[in-house]
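Next come two complexes, and both contain chain A; in the first it sits with chain B, in the second with chain C.
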Partner chain A sequence: MRLPAFEYLEPRDRQEALDYLARYSENASILAGGSDLLVRMKQRLVRTSYVISLKHLKDLDGIRPDEDGRLCLGSNTPLVSIIRSPLLQGAYRGLTDAIRRIGAPPIQHYRGTIGGNLCLETRCLYYNQSAFWRSGRPRCQKDGGEICYAEENSDRCRSANVSDGACALMALDAEIVLESREGERSLPIEEFFTGKGESPFARSPDELVTTIRLPAPETAFGSSFRKLTYRSAIDFALVSASAGVKVEAGRIARARIAVGGAGAAPLLLREASEKLLGKSPEDGDAVAETAAQAGRHAAAFMVDNLGATLEYRQKMAAVLVRKAVQEALARAENGNARGRRER
Partner chain B sequence: MDKEFTYIGKRVPRVDSLSRVTGEAVFAADLKLPRMLVGKVKRSHVAHARIVRVDTSKAERLRGVKAVVTGRDTAGVKWGVFRYTQDMEFLPRDKVRYFGEEIAAVAAVDEDTALEALELIEVELEELPAVFTPLDAMASEGPWIHDEYPNNVNVHVEINVGDVEKGFEESYLVREDTFTAAEDDYFMGEPFAVVARFDDGGNLEMWTPNAGPHMKAKPLSNALRMPLNKVRVRKIAIGGAFGGRSEISPADYICALLARKSARPVKLIYTREENTVNVRMGHALITTIKTGVDREGRVLARDITCYMDGGAYSSTGPIATSVPFLCMEQAYRMENVRYNGYRIFTNKPVRGMIRMHGRSFACGVDLQLDRLGEELGIDPVTMRLRNARKAGETTPTGSVVSSCGLTECIEKAAEKIEWRKKYGNLPPWRGIGIGINSVQTGFPLGIRGGSQAFIKFNEDGGVTLNSGVVDNGQGNDQMLVQVVAEELGLPLEDVNLITADTELTANDPGSYSMVSTFAGGNAARLAAIDAREKLFRIAAEALEANPADLVLKDRKIFVAGSPDRFLPLTKVVRMGLIQGRPVSGEGHFAPKVDHRREWVSNPHGQLSEAFSFGATVAEVEVDPDTGQVRVLEVAAAQDCGFAINPMVVEGQFEGSVAMGGQGGMLTEYHFWDGGRCMNPTQLEYKVPLAADMPRIHPIIVESNDPGGPYGAKEAGMSIAMSAAQAYASAIADAIGVTITDFPMTPDKILEAIEKRRQEERK
Partner chain C sequence: MKKIPVSMTVNDDEVDIYVPAHWTLLDVLREELELTGAKEGCGEGVCGSCTVLMDGHPVRSCLTLAAEARGARVLTVEGLGGPGMELDPLQQAFIEKGAVQCGFCTPGMLMTAKALLDSKPEATEQEVREAISGNICRCTGYAKIVEAILDASHKSET
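Right after this comes the complex of A and B.
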């Protein structure tokens, strides 16, 4: 398939990139590894006049702790650097487990970046198709039209966030730093996503995601990621789950559960997460109840648009949450070093 | 085999492997010819419509566009594999019958211009009601997809042997089950691409992936109204066929038409989506199977009715409708059997031949046999052994089976996975299963059934073999080289090939119908023997020996038993040249089949000269939380007659397990939004990856067929089918439920497990 015509820009530094973004705004697309963007351009799902490459913005590539001990991931950091970073072991294993499941090693090694993964467009089988496939009938809402093929009479787009990294970052309570010529702002990850399938991100067109900030590593904190696919690689999630839990004095002190492949954002399941608070990590019933509730909530967001049957994906949400929570708890309790050997 | 071979039966690397691995192999899409244009096809975006108007004037005026073609540019010739199935215009004039069908095409100086030109073609269609399932299609009150086929029934194959009703009456146990399966697909490594050019003599040259160049040249000559000797389908590297390239593709014709109209070479490359929708795919099937057995589990009668979703055109319809049944009647012994196979037109892409020949058929037969055995208290392996075909028998439709190692396949595969120890004794959620099958080695293909080969010597003793055999990935070129090197006592590198070119090579059936080794290999062998006899005549005079006493080895002709009485081969070749009797060889081989046999009108008589047989045993573990299957081990045993190159044969077995078992039974299927295929790409159609594959034990069984070259038959196909059956049977064993809709994806498996749990609770 052929790329449409566009003007290709290679800013030398961040300032130049922000200038271009300010100037071309909606008419520009940011190119990191391109493994999502170029496919969508070929399918004519993005119409863009300018493509702004981040390739010379070296300061966006790297993983560094800041003065408060928080970990800053430059948005243009290749996925393989995330997998290999010694800084991202232990408490952050939910993230590295997730990144290892993205596409296949060639995508992780040669193309994909963490920023691109965070900004992965939502997907739907009625939408992620060639221009020819979509021709011959009215456009759907995400495609600029009025209707929805996935869910009859839906007044909004029900496409799903299937980014493995985003799901894990949600459970890890990441912060997203955006920069434009006007200045910098940072959003808690749940505010970075709008929950709207048509326009899933709270990024304004002149903004660049520069950094993904993770809370400082803690002891007795564990994280995990689970993903359901039909194939071992090159397969987007039918549904995924990630958990981050903190154990204090034998009780669960904090928990964040996220489910991907359901809504237009990775779903942060607050109510279900709260069910765990104060419980013993060994409390199997509490985990089961949490998983069931998380599953019910996530199921309400799903429609039949990612493959497999809807019922199956709905059922699996609870199963994956259960497995993710169990694994995160085990990692929190056993210390992550031992958890590493488990794998 | 009593004879000691140098190359035959040996594990030698393939002649083409290096160029494939390094990327130097040239496929059609890699070709670049001077002044070559880019071709693109305008397709229908509705599933069924009358073509009202196609206006190409704007496209023609676009700068850089060199030719635009529509149905008006054609001679209106309809293509069909048989005279009675000629129903497909490569560029239809009256109607489009599926979403994605060809309407027009352009050739332009570059891809952007060609794509822009497509946008400028105005197509007015009058939409007609469309049907997307065989049952809806038969119930439809019209308009029919083809006027000539009422109720959209395209093909009806009817076979009735013995007395089925009496067989059921005499049966101790009778079961009837219905099995369904969605469409499966090939996903060849190489997406379709074609290059066409006309030379200054008006000859058409074409490079296109094919399963037999002669099978493409003739329909092209018909459709283009050109003499056959002016249509030259050339040799090119091919990245897979699996049955999907058995026929001419509309794109072959369209590319030629564009080349003719523009008077320039044209290249047309398919996108992955086009390769899925516009090449061929497997049929979706609904199969009802009724089987009666005696107390010992022997099949006394079987009655099968099958509805096949054929898509919009006949394609290989009569063959595709017959083969699932024929494979079954070859593998299983039975006296009373009835078959009603219906191929139904729907407004979906055209279906053709595929390696598994209908999953719901083969797997249904075997799953049902397992259930019958269960009721009788007989294990699946014993059920297979009691019913397995044996050499010397005749199939219900009248084929004599000259060689058959099926029993050995079953026993060896079962033993490898420790069937006796494991069956019934595995921990929960583990299961073991077996499938058996048989395929043909050659069909009655009339005048195109035989292969011809020629050998010429170079003055340095090297040879060139000329043969119509095509290699589309399975290793046929290697097979030819090994055969000729063996018979002429040459190192492999001394054998050059001219193959798969319709100008240079003679008639050949192609790799279609699994006959390349049997027909093409035999022809090459006979050509080499012919050449060798000529060499021996010359050498015998010089050596003052009897030609019958000579042997040819290591480029030397010896008198048997006296290693120092020899002449170098080169010298004998040169003597031939000096003496005015240059050495060459010719061979021809046509399998002995009954040419009166016809798929629909007369499905009786010798179908193939030989049949291959296979048995696969698989052990699986099911995750009861997710329904996901992990395959622990697979033993694949096939009677391929004789393995000319065991390494290549084992590669075929492994690919077959991947395609038939791992993909075919676990993850691969098409799903639809009306006429739109929801998963036309490699991302969404889940072909298994290397990392998904289980450990495979390939087991080669050799029955030495009397007709095959060195005893060889076919390799791989009966594994693809039996692997699907073994996977299905193992999953049923693991979860204690028989799923009847294929493939057995995790959602279906989980649903079955939950249903069983609910029933148990009651």
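Right after this comes the complex of A and C.
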């Protein structure tokens, strides 16, 4: 399968990349590892005149703490460096677990990058198909048309965010730093996603995601990630869940639960997360209740467009949330025990 | 069509060519260099039959632009054996264990296995299975492929 023709641009540094983005704007696409962009180009899902390669932008590759102890992940850091980083153990296990489940371990990990995974386009069974497959009927909303094949009479695109990294980063309360020639801005991860299937990201065409910032590591904080797929490698999530919890004085002090595969953004379940606050980490009923509510809310955002039946994915959303919360709590308590021993 | 210069090392040969900017590494290997060992299966990064090593790491050559491979050391299945017709221990093991049926996935399997054994000469069965989890084989059921890779791994120890 041949790629359509385009002009290949190879900026030497960040400034040159931002200049290209300012000049070519929506006619340009940013190439990181290529495992999403090039497939979509082959399928003629994205038409682009210029491809801007990030390969020389070495300063975007790396993981460093900033002066406030927050961890800054350069957007062009390969997935394999995230998995192997000693800085991303402990509190951040939810992220490394998620990254490990992306694609196939030996291959995508050397090409795929954390920024690329964060910007994984939303997917739908009726959209992510060859040009020939799609040519048999009118275009869908994501493809520039007016029909939705996933949900009858839908007035908008119902494609889903299935990025494992994005789901885990949502539970970790990450911050996304965007840069353009005009300057820099940072968005809480909730605001980085628009929730619109047609245009899922708040990135404007002249901006580049440069850094993903994680809160400073804490003791007694645990995170986790669960993903439902048919195969243990290659597959995108049918549904996924991630949790980040903080335990203080034997009570759950903070909780963030996110579900992937339910809507165009990783779904942050605030209400369900709040049910956990003040509860003991051993309170199985509270966890079950939270998971059930999270499942109900997530189910409302799901449509039948990712493979597996809708009913199965909806049921599994609650199961994955329960397992993710249990694991995050266990990890938070282990961290707590370790913290006590060290003191 | 605008062509761009690409210089890289392919199986120990220095290659300097001009190719269209939208060509993938796989296009260059197969169409320009006539190295047809790497296969195009899905063309979308799912099947793994186009796997080659770039600076020692397995990559999907169908999803790697030729321009991105500039300056890299590329190893394809043609470069796997020794000089002459000598086979790599992995290739020999694939033959002895009957790990090849239709053969379409074999070059990708070999290259993925090569990268694994280069970094972990004493790989366990679990590590082998994880390593080839991105390579699809529709004939063998994987059992013989896993056996062959483990066999080659044990031989390299002695």
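Of note:
In this text, the second predicted complex is superposed on the first by the 333 of 343 C-alpha atoms of A that agree within 3 Å, B and C clash if a C-alpha of one lies under 4 Å from a C-alpha of the other, contacts with A are read in each partner's own complex, and residues count from 1 in each chain.
We take it that a contact is a pair of C-beta atoms (placed from the backbone, for glycine too) under 8 Å apart; a residue touches a chain by one contact, two chains touch by 3 or more.
What you see is a predicted model; the values in this text were computed from it and never measured.
Contacts of A:S35 after superposition: chain C is touched, whereas chain B is not reached.
When both complexes are overlaid on chain A, the residue A:K55 reaches chain C alone and has no touch with chain B. Contacts of A:G307 after superposition on the shared chain: chain B is touched, whereas chain C is not.
After overlaying the two complexes on the shared chain, residue contacts for A:S232 are found with chain B and with chain C alike. In the superposition on chain A, A:F6 makes contact with chain C only, not with chain B. Of the two partner chains, chain C is the only one touched by A:Q108; chain B is not.
Under the contact criterion defined above, the residues of chain A that touch both chain B in one complex and chain C in the other are 1-2, 5, 104, 232-234.
Looking at the complex, you find that chain C touches chain A at residues 1-2, 4, 20-24, 27, 40, 43-46, 48, 51, 54, 57-60, 62-65, 67-68, 112, 115-116, 130-135.
Of all the residues in chain A, the ones that touch chain B in their complex are 1-2, 5, 104, 125-126, 129-130, 132-133, 135-137, 149, 228, 230-236, 307-309, 311-312, 315-316, 319, 323.
Within the complex formed with chain A, the residues of chain B that make contact are 43, 45-46, 99-100, 111-112, 115, 271, 273, 625-627, 666-667, 671, 673, 676, 678-680, 682-684, 686, 688-689, 691-692, 745-747, 750-751.
Contact residues on chain A toward chain C in their complex (touch as defined above): 1-8, 10, 31, 34-35, 38-39, 42-43, 51, 53, 55, 103-108, 110-111, 232-234.
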